[in-house]
């Protein structure tokens, strides 16, 4: 009767339509949609956690003629994270977009983006994924430009174009697969895929196109300006969710579709690019002069860690080690999602109250906004990878498996990345400790601060310690 | 300079190599595939779909979900365009001769659009083509100097742009609540539902394309539109 | 599969691949927005062309409707993206003309004067 | 219902949760903040008392959280952890009272006390860690919780000191992390085991074990301020006095030293470590640190700096004890964990009192200070004499056992180190005592404040050093009594050597 | 295989390719866009030949027509700015 898979996509879409038609009610309708969607998403996750991986044939035709939606553990984990983060961003946005005008622009696009995210995580059809990618890309670029500055428009135009290049490339891969295998369903293609020129080309095209969207070094050039110039709630969504969606898709293709096609050399290539991303992104974050630019480069770096798992996953045979590695990967992705969203929301608060986000001049701001500073600190813990954040345990597994496989160089990258991350996070936090007048109270604007704080707290204290249930969830889909 | 010269040589070389691999892959994909792909399956089930044009069957029934999301993409583009600023100033009113031409062309386009929508169930045509013609009618009006391309003012335009998708998603959800599944049409109603959805979609597509052509948020109308 | 179909598929599919590659080349090598957009659209046309070629099953047999539906969807998505990108371009042009007085008059607001 | 599995967790949370609440308090809620602080500290003492009683009666306390196969967070109580937990719990109560007196009128109090509580929670977590991963987790949390305390003043100096502190500890943390992970890939699990968990490892791995030992030692040595990793400690002196007290006596430095003890006894096993030749290296490092720290202390005029270098030197007695094979030296090292804590905290409290009451920061300003502040100076004298090793103060016990252990093991060079260091201790402490008691006081103190009408300084500042000085004497006098630090150290040593 | 048809196919493809190249290499905006529209229209023709009349209609109306009209107005701005 109720199909949580379809609802997770259809509800935000419905909300977007209503908000488009009734712009005067956008805030109320938007929040209502946000709440309902999150409830559905969590319900979906809990169902999968209970051991049932979900499947739904839209239109009732069944694959390969119709389109299916599917939720295994991996999808459910990301759906849960994405929807919680999106809910927090929504609450924050009710405060951030104060005026009616920008609020009207924000809500319909934001709900469309949300719909695309859920659709992407749950999709089981290769072409449907293309449509979702485009919906995601278009709405994200439009949202990113809402600041109205020239920099934002320029950066997001570039983001849009790069995204289009990526999705076109992806689509050619899909066309090749359809040519050779006559179906668009992910599982069906996976079942019949054999090594050969088609598989190879499709792998290169699809993963290559997605890497552009995932901003893997050196294809990250578009990300920092786009994420740094967007309004803070949008930056949070872009860094925490939109990039994650592309990475999720790479992972999905890597593990499910091209399992057996991918070689260790291919994994090594992506791992090395990931390592490059960690070092370069962290270095640029350290040199960044603005808080949001720092956060954006930090995203480049964190994306790198996720890709460093690929060579290890490819080299590890099925078994408990591989499952552990996968759990760690998801743990890292979730932690980063929460942390980066919290970080950007807090950065937005700082920017709003001081009128700028230049790190050098943050001294007073950090002191007068204790909640925002605290949020930056907690999220920073997760970004550095200090315990008990999920990042710490994920890195533990990553380094452990790297050493066990004799690929010790990844450990060196993790070490360097951790130290650089500590340097760039504490460069900001150090500004908090000066002799400014003491704040009288912890919260100054609860509606915008509490969501950010909760996200950051979840990243630093929650996700890591919940590794066990997450592992159960991931195992549930198999 | 040196780098760019290197690029002008390297990029085509690289792309040629990629092209060779792609062609090889395409070759082996085409020759290696013995079956029918989805053609036979899809064609066999067209009669159950509520439309006799196979493409319409796929678009609005088998893969209706894709089409729904595609309408969402169109809407996202329009909203994005609106968020980037106001529409361009209207074109100068056209000369008298041209104007009378416009008053012929526009109704023709609208009628043709209606025909394509109607015929789409059986023959080539359908919501997108029909919507495109409506959009073209709007573009013609815009080019002849109508400030809002014959579109209603913003609040109604919003309704119009979202309407098709709204009808689509509401039908999908209703069917789900009825226990049939999201976008699962009962065979008896399929034809009517598809036509309803297509009608809404045509209007929305036409309005959206015309509004997109204006390139920004509609300005307050100065004169009443015909 | 008949010879004729195979050759047609390969011919047109190959042409599609070429469009795609030319589009990529042009996208990478040229800076102006309109050139990038033409490049993207030709890339897209290339992919669609491949799909249409694959759907072809001879002059006597009905073609595969599924790729056709995909292409139709793709066309609409492509035009949406193009329209959005052009709106971005217009926005940037407007900022430029507001900033540098000597190019004032190329503001899109005066588009109509030429018609 | 059996509450035993929750006790270690409860001990950690008894300060962490009040600490987390304190962050959200307004600056002006003085009473509530003080109440939370004291409530946490007293609750922790009660819980620890309960645990000591239980451990003595053979109860096993273990809180366990499985994250993934092979990744488990374990808090458990063995004799060694109880020793450290008891020390930090008692000293935390005293320090909290002192800090309330010291800081309640300066800005950002909620932030300070929040991190203060987290700091001791992390320390207790380190003490109770049942495996190396848990240890690393709390070790890193400790880094994180102490950074804001060092930076608290917000002056450029504090900023710089905190940065140096962070650079050292983060680098050390990363090495520790990699060492621990590497070790886990070799042996599978990292549970602290009496007698060591590597004993049965194949010969082929010995090379890697040696490398890992140095990685881990580097990570631990940073906090334990082993030369040449001690550079942060004198810089961190910019922190407020209660923080210095905490860093030097209870938390950071002690955590490093405790980690070295864990590493030698419960990870490698003291005999296995000796087989690999690691004890000698550790001993040489410790001895170098002892002499170097004392020499540097000689030339410092700043009182806190002198105390800081004294810490560098004194903490390495613990490592020195661990590096000499044989139970008696072990006892000496372990008991110094407690003794150094009590004595050094006394000294820092006194230094804080001088600064806060009279504005005296330098040794050269301390002429006649004993007449102005007799109780504080008496406490200081007890601490200083203890450091030198004069009976009946606790420091004597340490040096006695260390010397005896070295003689038993035939490591006579250790005795030479002890003698030289004691002479140096005397050389940098006795002049202070002489000035304080026998030189005439100046006409005017640098910055005198009237903090109390009847007492020489505010009561919350005066009682803590007096109490800890008393403890130092009692620990020395009643060393043979049951439950004394010495008895407990003996118990641990017996278990480690399997007797 | 009908050689006449094959010849026709080759001719169509070559023309398409030529148009695509011309559109992509054109430096002058308006010329480039008009070439692109021509490309789109011819593409529609080819798709009609490949028995895809729906797509031919859509490509002519949307791909060539509307996208062309959109780009034409952008090209006009670009052209004017270059003067």
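Labels A, B, C, D and E are assigned to the chains in the order they are written; within every chain, residues are numbered from 1.
To be clear about the criterion, a residue touches a chain if its C-beta (ideal position, glycine included) is under 8 Å from a C-beta of that chain, and two chains touch if they have at least 3 such contacts.
Just so it is clear, the model here is predicted, and its values are computed rather than measured.
S.K.: Moving only to chains each one touches, count the minimum steps from chain B until you reach chain D.
M.R.: Contact-graph shortest path, chain B to chain D, evaluates to 2.
S.K.: Could you tell me which chains are in contact with chain A and with chain B alike?
M.R.: Touching chain A as well as chain B, we find C.
S.K.: Could you tell me which chain's Cα centre is nearest to the average position of every protein Cα atom shown?
M.R.: Most central by this criterion: A.
S.K.: State the chain with the largest centre-to-centre distance from chain A, centres being mean CA positions.
M.R.: D
S.K.: Could you find the chain whose CA centre sits the greatest distance from that of chain C?
M.R.: Looking at centroid distances, D is the chain farthest away.
S.K.: Can you identify which chains form the pair with the largest number of contacting C-beta pairs?
M.R.: Counting C-beta pairs in contact per chain pair, the top pair is A-B.
S.K.: Using mean C-alpha positions as chain centres, tell me how far chain D is from chain E in Å, no decimals.
M.R.: The answer is 78 Å.
S.K.: Between chain A and chain C, what's the gap in Å when you average each chain's C-alpha atoms?
M.R.: Result: the chain centres lie 29 Å from each other.
S.K.: Please work out the Cα centroid separation of chain A and chain E, and write it as a whole number of Å.
M.R.: Result: the chain centres lie 38 Å from each other.
S.K.: From the C-alpha centre of chain C to that of chain D, how far is it in Å?
M.R.: 69
S.K.: Mind pulling the residue numbers of chain B that touch at least two other chains?
M.R.: 22, 26-27, 30, 36-38, 42, 55, 62-63, 66, 70, 73, 76-77, 80, 84, 88, 128, 209, 212-213, 215
S.K.: Which chain A residues sit where two or more other chains touch them?
M.R.: 127, 131, 134, 138, 141-142, 145, 153, 172, 176, 178-179
S.K.: Hey, what residues on chain C touch two or more of the other chains?
M.R.: 13, 18, 20, 23-25, 33, 50, 54-55, 62-63, 66, 68, 70, 72-73, 75-77, 79-81, 83-84, 86, 88-91, 108, 111
S.K.: State which pairs of chains touch, listing all of them.
M.R.: Here the touching pairs of chains are A-B, A-C, A-D, B-C, B-E, C-E.
S.K.: Show which residues of chain C lie in contact with chain B when the two form their complex.
M.R.: 1, 6, 9-10, 13-14, 17-18, 20-21, 24-25, 28-29, 50, 54-55, 57, 62-66, 68-70, 72-73, 75-77, 79-81, 83-84, 86-88, 90-91, 94, 108-113, 115
S.K.: For chain A, which residues are in contact with chain B within the complex?
M.R.: 1-3, 6-7, 9-10, 13-14, 16-18, 20-21, 23, 56-61, 64-67, 105, 108-109, 112, 115-116, 119, 125, 127-128, 131-132, 134-135, 138-139, 141-142, 145-146, 153, 172, 176, 178-183, 196-198, 200-202, 205
S.K.: So in the complex, the part of chain B that touches chain C is made up of which residues?
M.R.: That would be residues 7-8, 11-12, 15-16, 18-19, 22-23, 26-27, 30-31, 34, 36-39, 42-43, 46, 54-55, 57-59, 62-63, 66-67, 70, 73-74, 76-78, 80-81, 84-85, 88-92, 94, 128, 143, 145, 205, 209, 212-213, 215-216 of chain B.
S.K.: If we count contacts the way the header does, which residues on chain A are in touch with chain D in the complex?
M.R.: By the definition above, chain A touches chain D via 320, 324, 327-328, 370, 374, 381, 386-388, 392-393, 395-397, 399-400, 403-404, 411, 414-415, 418-419, 422, 426, 430, 433-442, 464-465, 467-468, 471.
S.K.: For a test of understanding, state which residues of chain A touch chain C in their complex under the given definition.
M.R.: 127, 130-131, 134, 137-138, 141-142, 145, 150, 153-154, 156-157, 160-161, 164-165, 168-169, 171-172, 175-176, 178-179, 184
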